[in-house]
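In order of appearance the chains are A, B, C and D, and numbering begins at 1 in each one.
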Amino acid sequence: MELLFFYMFSAGIIGASLLMVTRANVIHAALLLVLTFFFMSGIFILAGAEFLAVVQVLLYAGGIMVLYLFSIMLMNVEVSVRLRQYHRQSFFAVAASLILIFEVWTVLGRGGSYPAFKGFSWQLGATPGNVEALGSVLYTKYLFPFEVASILLLAAMIGAIVLAKRTIDR
Amino acid sequence: MENFLLTLIAFTPLAGAVILMLFFKREQTVAIKVFATAVTVVDFLLSIPLWTRFDTSEAGFQFVQKVSWIPTIGVSYFLGVDGISVLLVLLTTITMIVATVCSFTAIVEREKEYYVCLLLMATGMLGTFMAVDIFLFYVFFEITLVPMYFLIGIWGGKRKLYAAIKFFLYTLFGSVLMLLGILALYFVNLKLGTGTLTFDLTELYAVGPKIPIGLQSWIFLAFFVGFAIKVPMFPFHTWLPDAHVEAPTAGSVILAGILLKMGTYGFVRFVLPLLPQASQMFVPFMVLLSIIGIIYGALVAMAQTDVKKLVAYSSVSHLGFVMLGVFALNQQGILGGQLQMINHGISTGALFLLVGIIYERRHTREISEFGGLSSVMPIYTTIFAITMLSSIGLPGLNGFVGEFLILVGAFKASYVYAAFAVIGIVLGAAYMLWLFQRMFFGTLDNPENQKLTDCTPREILYLLPMVVLMFWIGLYPRPFLSRMEASVGKVVKMVNVAAAPMNTKAAALPAGVRTQPKAKNF
Amino acid sequence: MVSLTHYLALGAIVFVIGAAGVLMRRNAIIILMSIELMLNSVNITLVGFSRQWGDMTGQVFAIFIITVAAAEAAVGLAILVSLNRDRTALNVDEVNLLKW
Amino acid sequence: MIELAWLIPLFPALGVVINGFFGTRYTRDNAGHIASLMAGLSFLVVLGIASEMIFGSGGTHTIHLWDWISAGKFSVSIAFLIDPLSTIMLLVVSGVGFLVHVYSVGYLQGDPGYPRFFTYLNLFMLSMFLLVLGDNYLLMFVGWEGVGLCSYLLIGFWYEKKSASDAGKKAFIVNRIGDAGFLLGMFMIWILTDSLTYSEVFQAAPNMTAAGATAIGLLLFIGAAGKSAQIPLYVWLPDAMEGPTPVSALIHAATMVTAGVYMVARTSPIYAMGPGALEVIAIVGAVTAFFAASIGLVQNDIKRVLAYSTVSQLGFMFIALGVGAYATAIFHLMTHAFFKGLMFLGSGSVIHSLHHAPVEQQQDMRYMGGLKSKLPITYWTFVIGALAIAGIPPLAGFWSKDEILANAFFTGHYFIWGLGTAAAFMTAFYMFRLIFMTFHGEMRVDHHAREYIHESPYSMTVPLIILAVLSVVGGIIPGFPLEGGWIHSFLAPSLAKGGAGGHAASEAVQFVRVAVESGGGHEGPTAIILIILAIAIAVGGIALAWFMYMRNPAVPDDLASRFPGLHRLLLNKYYIDEIYEACIIKPIYRLMNSLWSFDANVVDGAVNGASLVTLVSSRFSGIFDLKTVDGAVNGIASMTKFFSQVFKFIQSGMVQNYLFVMLLGIFMMLSAYLFR
């Protein structure tokens, strides 16, 4: 049962992302990316990371993609659609990706002795579940990186504003 | 037991040099000179307890100070003085005073750097004689090279650069080979000896005889080259005349008085006790070299036209005697060699001072320039005569006591050695008298010689201690000999140890220590 | 039972697709999106591992990656916007001031 | 009194210190008086000790001062030994020494180096006392070298004269060669007997091997030959005449040269064990006696004649030692000191009186003659000396020299006896030749110098008279009954018992003793013949000299013309000096210079060569470096430039290219991981 869902979601992800990469129209690509994110949150729920799934949807789909769409709006994208979409070296790129896939496949095929599967103690959706565990770990062991991440975001915001600001010459 | 006396003696000159560098301006020449002399005098006063409180019955090291310096490779700051080195330390402090005082008028430019170099020299030399840790010995051995290079290089004569570089490279080449020897010992000690990595001489003494003869002779050769260049022995002596001729007066006094002794001291302190079997094996070779040194040095000295070169070659001859005494490997020989080191320091030091005095007046060292000086400079002539007689070993003066003991030792080793060495005495008398005659007798024809002034009180002041020492050692050498007796006895016992273990594995295996076959690679 | 290999395989495939996207496309925005994709592929593997060992660290890092991705996207787009202002076609090829 | 023996060397030492330090400034002109005073005081102490020794108990006393050197088993101390032998030597040394001091006060009046001379003279007395008093070989060696040094200083006293300083240098070096032998002998002694003190050495002497004893004997004899001017090493004595005459008198006649004889006498117990050495000594002594006497025949310089006569008389002493008659040797040493010292001082006063003549004529007999009337005292004392040395019976020379020849004859050394007698004949001849040429005949002195000739002052003539008296008396009193005189009994305890020449000598001496017991002295039939023969030879010598130089002075010249070769040979001292010069000194110079050039360009050359090699290799490596290494570097540079052109296209500026390369990197790593 779980396997089925897993295969379903992963097929979704792969299909959407393949399409996203190949679409000439930027808006279609953006929407396809949002679709990928939805399938991904599915995978996360399967893996028992509910909080992450929700964050994926909220932040990625909601936040970042909205940002993309806005910026697409600001830039007159139509001009680039007519141009040659693919890069001269795209053939090499595809070839390299295929080789890489094949290589990863053999590595995983070879497998290896993973330690025994432990999985999580709590049930899906139970009250002392994923979120509580995540919260406790996040605010004790990883408190410092958490603060750094917030500062990083602040820096990114300021950076974005400075870059994108139109120079108002008095 | 903590005894800071030796460190105090060794590093007072260094402290003086640093103070000189920092707090004295270049123009205050008089203050510089007074301060430098004060430092050397203080150093000498510090070293007097070495003489008074020295326990003559004790053969081992006294006034020991041991602090671990680099524990990882087993290096310790280990100072100690025994019979062999106590007199050399005293000789160094006295010579330093004399050298400082005698260069007041000789050095006129860059006095500050000069006296700094001089004081650095003092620390280097004192350290070398006091170091019991071989690593520390090597460090001090190298330190002495640098200031002497500057002394010759900056304040020297015409060909000073050539001489300075030649001196530096030659001695450095030797000491590098010596370093090889030290390291070989260091690692052998790891395998055969105490199994711990240490440079401490007292521990290495135990491992010495156990080294197989094959390796021992290689180490001997390494040490031999290092010290033979310093002594200097026959084939390696050509740096000495150049270094002496070009060095300023104080420079050559220290060079002849102390630096040459490091070579012979090295043999007695390191080579003989540490490599007994190899020393026994190499005795004929070493004695041959020293006899050649004696006769060759004397003959070449006769052919010199430059006074300083003549005295330099005479040092080659005298030190040939010392080496003959050392390699007679018996109590009389080594004791004689040891005492002759002190005597040579005094008499040749005095000779160089005298040559310096005449050089300051006439600015030439060509013997043909002088003649009939005795009527113009009577005091100078008498002091020169006494020094000359002491250096050719006239009984009643210090040279004779040392030389006689050496010859007794050499004769006891084998009468052939002594027979040849005695020729050295005759030749010694010949070239010294010839020099004395050409300089002092004869008519006073050269006009410049007429207006020469006799010794000034200052010059007499720094010559007096030397003359007093000459008579004291000559007439009553008891206190000197008794101080050296015990330690030399220990060295003699160590050298005449049984035959070396053969090079085979079985023999090299002292009980219980598992060793691979003696591969040559380490 | 979904084993760890599945997650890893999925992550790898998504990563490669993203990389291919970055390499092939000339349109700067598409490249940025492909980068987002690559970052998400990393999230998948992290979650896979976190699931395997039952240790929350994987997920914590996933979150951090998301924050970084957000920051990166913001700055990336800001650059694009400022670039676009003085040049119309937003092709990566033309943007070669770095060329030696 | 004997305990005060250490005073003897102390006085001269005091003299040296006073004259040495204060000589030039304070005791300028009375330095001579101080020195003589010191010599006199020590002479008094010696007289005290001698009287105690001779009339008192005798025996041997040692006075220990302090330990000198001690190294392991080897230990030597400063100690004095008083025994009959050293007493006799002390008497001779201090007696003659004191007289010479008094004499030289007058002789050196007005010489600029006046105080310096007396410092050296006192230093000489000090070293001589040390030599004689020392109770061990090392202390004797100290005196030995000290005496050598003083002879160097005194011979080269007038150092302006190059010949004087050369002679001094020559004396010291030849002595030094002898000392080298002495040193080796001493080491041998120490090795065999583990001590250097006489008493211990002579106790251990009997168990010495013959070979060992002979070796020691020969080595010590080399030292003695050096000091007492025997054949190989005598060349320095004639040249030593450069020094002032009192020096020649004291050092080169009476004291120093006899040191060798004293040393051999002192080590008689060892020589007794090594007969071979004695044979050598006897032969060398005889040859030296004959050889030196022959040279003396033709010399014209008054002091050179006396010098060669000293060498030949020393030869006689060594004959006595060689044949084992140690006491006789010491006896001859004593008598010789008296009459030779007398003659030297006499010649000194002759030269002193001629100091107005041109310098080279002052000592040359050809420019003298007829001084008999002018210098009466000198003349008569000189004649007594000559008679004594010739060996005319009542005088000293006869007793000691005849005893030597008798001993030589009776111990079977006929050849030596023959040489000795010939030498005695020649001695008589050249002594009286000297007298006739200087004092008799017509005056050949330089004209304007003639009126200045006058008798020397009293301070010079009084010592002459004393010595003349001693020459007369000194022979009879100690040695009246030949071979049995007082001196033999006195010296017997400190000398080995005869024993020379091994078995032969001892029987002969026994035979003589028997002869003595049978009828007093040498009354044995052969002994009487010997005595008569000796007297005849002496008188014959004198007569021949009288005949050749008084009756018809032409004879010596035509003799010289008839044997020109022989005459020239003798005149030039058998060219010995020239031979030494050629075969020893010249090669040393050549060797010296060749070694110096060897050292300069070979050894130093090797070092400079090494620097040359480094120089050349540095230049070569410079070029090498420039061409190849630098070339390589430039090559690399150009290569990189080339490749950079090639790879330039990678820096396309397109971000994808870089990412693509990164992808390749990942791929490489993965494949590496896979196919590890």
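Note that a residue touches a chain if its C-beta (ideal position, glycine included) is under 8 Å from a C-beta of that chain, and two chains touch if they have at least 3 such contacts.
This one's a predicted model, so the numbers in the text were calculated from it and none came from an experiment.
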item	value
From chain C, the most remote chain by mean C-alpha position	D
Inter-centroid spacing, chain D versus chain B (mean Cα positions, whole Å)	35
Euclidean distance of C-alpha centroids - chain B vs chain C, Å	79
Approximate Å spacing (C-alpha centroids) for the pair chain C, chain D	113
Averaged-CA centre spacing for the pair chain C and chain A, given as whole angstrom	7
Set of chain C residues in contact with two or more other chains	19, 23-24, 92-93
Residues of chain D engaged with two or more neighbouring chains	654, 656, 660, 663
Contacts with 2+ other chains: residues of chain A	87, 89, 92-93, 96-97, 100, 104
Interchain pairs in contact, sorted by label	A-C, A-D, B-D, C-D
Interfacial residue positions of chain D with respect to chain A in the complex	654, 656-657, 660, 663-664, 666-667, 670-671, 673-674
Chain B contact footprint on chain D (complex, rising order)	24, 66-74, 138, 141-142, 144-146, 149, 152, 156, 159-160, 162, 165-166, 168-169, 172-173, 176-177, 179-180, 183-184, 187-188, 190-191, 588, 591-593, 595-596, 599, 603-604, 606-607, 611
Residues of chain C defined as touching chain A within the complex	1-10, 12-14, 16-21, 23-27, 29-30, 32-34, 36-37, 40, 43-44, 47-48, 50-54, 56-57, 59-60, 62-64, 66-75, 77-82, 84-85, 88-93
Interfacial residue positions of chain B with respect to chain D in the complex	166, 170, 235, 237-239, 296, 299-300, 302-304, 330-332, 335-336, 372, 374, 378, 389, 394-396, 400-401, 404-405, 407-408, 411-412, 415, 418-419, 422-423, 425-426, 429-430, 433-434, 437, 440-443, 475-478, 481-482, 485, 489
Contact footprint of chain D on chain A as seen in their complex	87, 89, 92-93, 96-97, 99-100, 103-104, 106-107
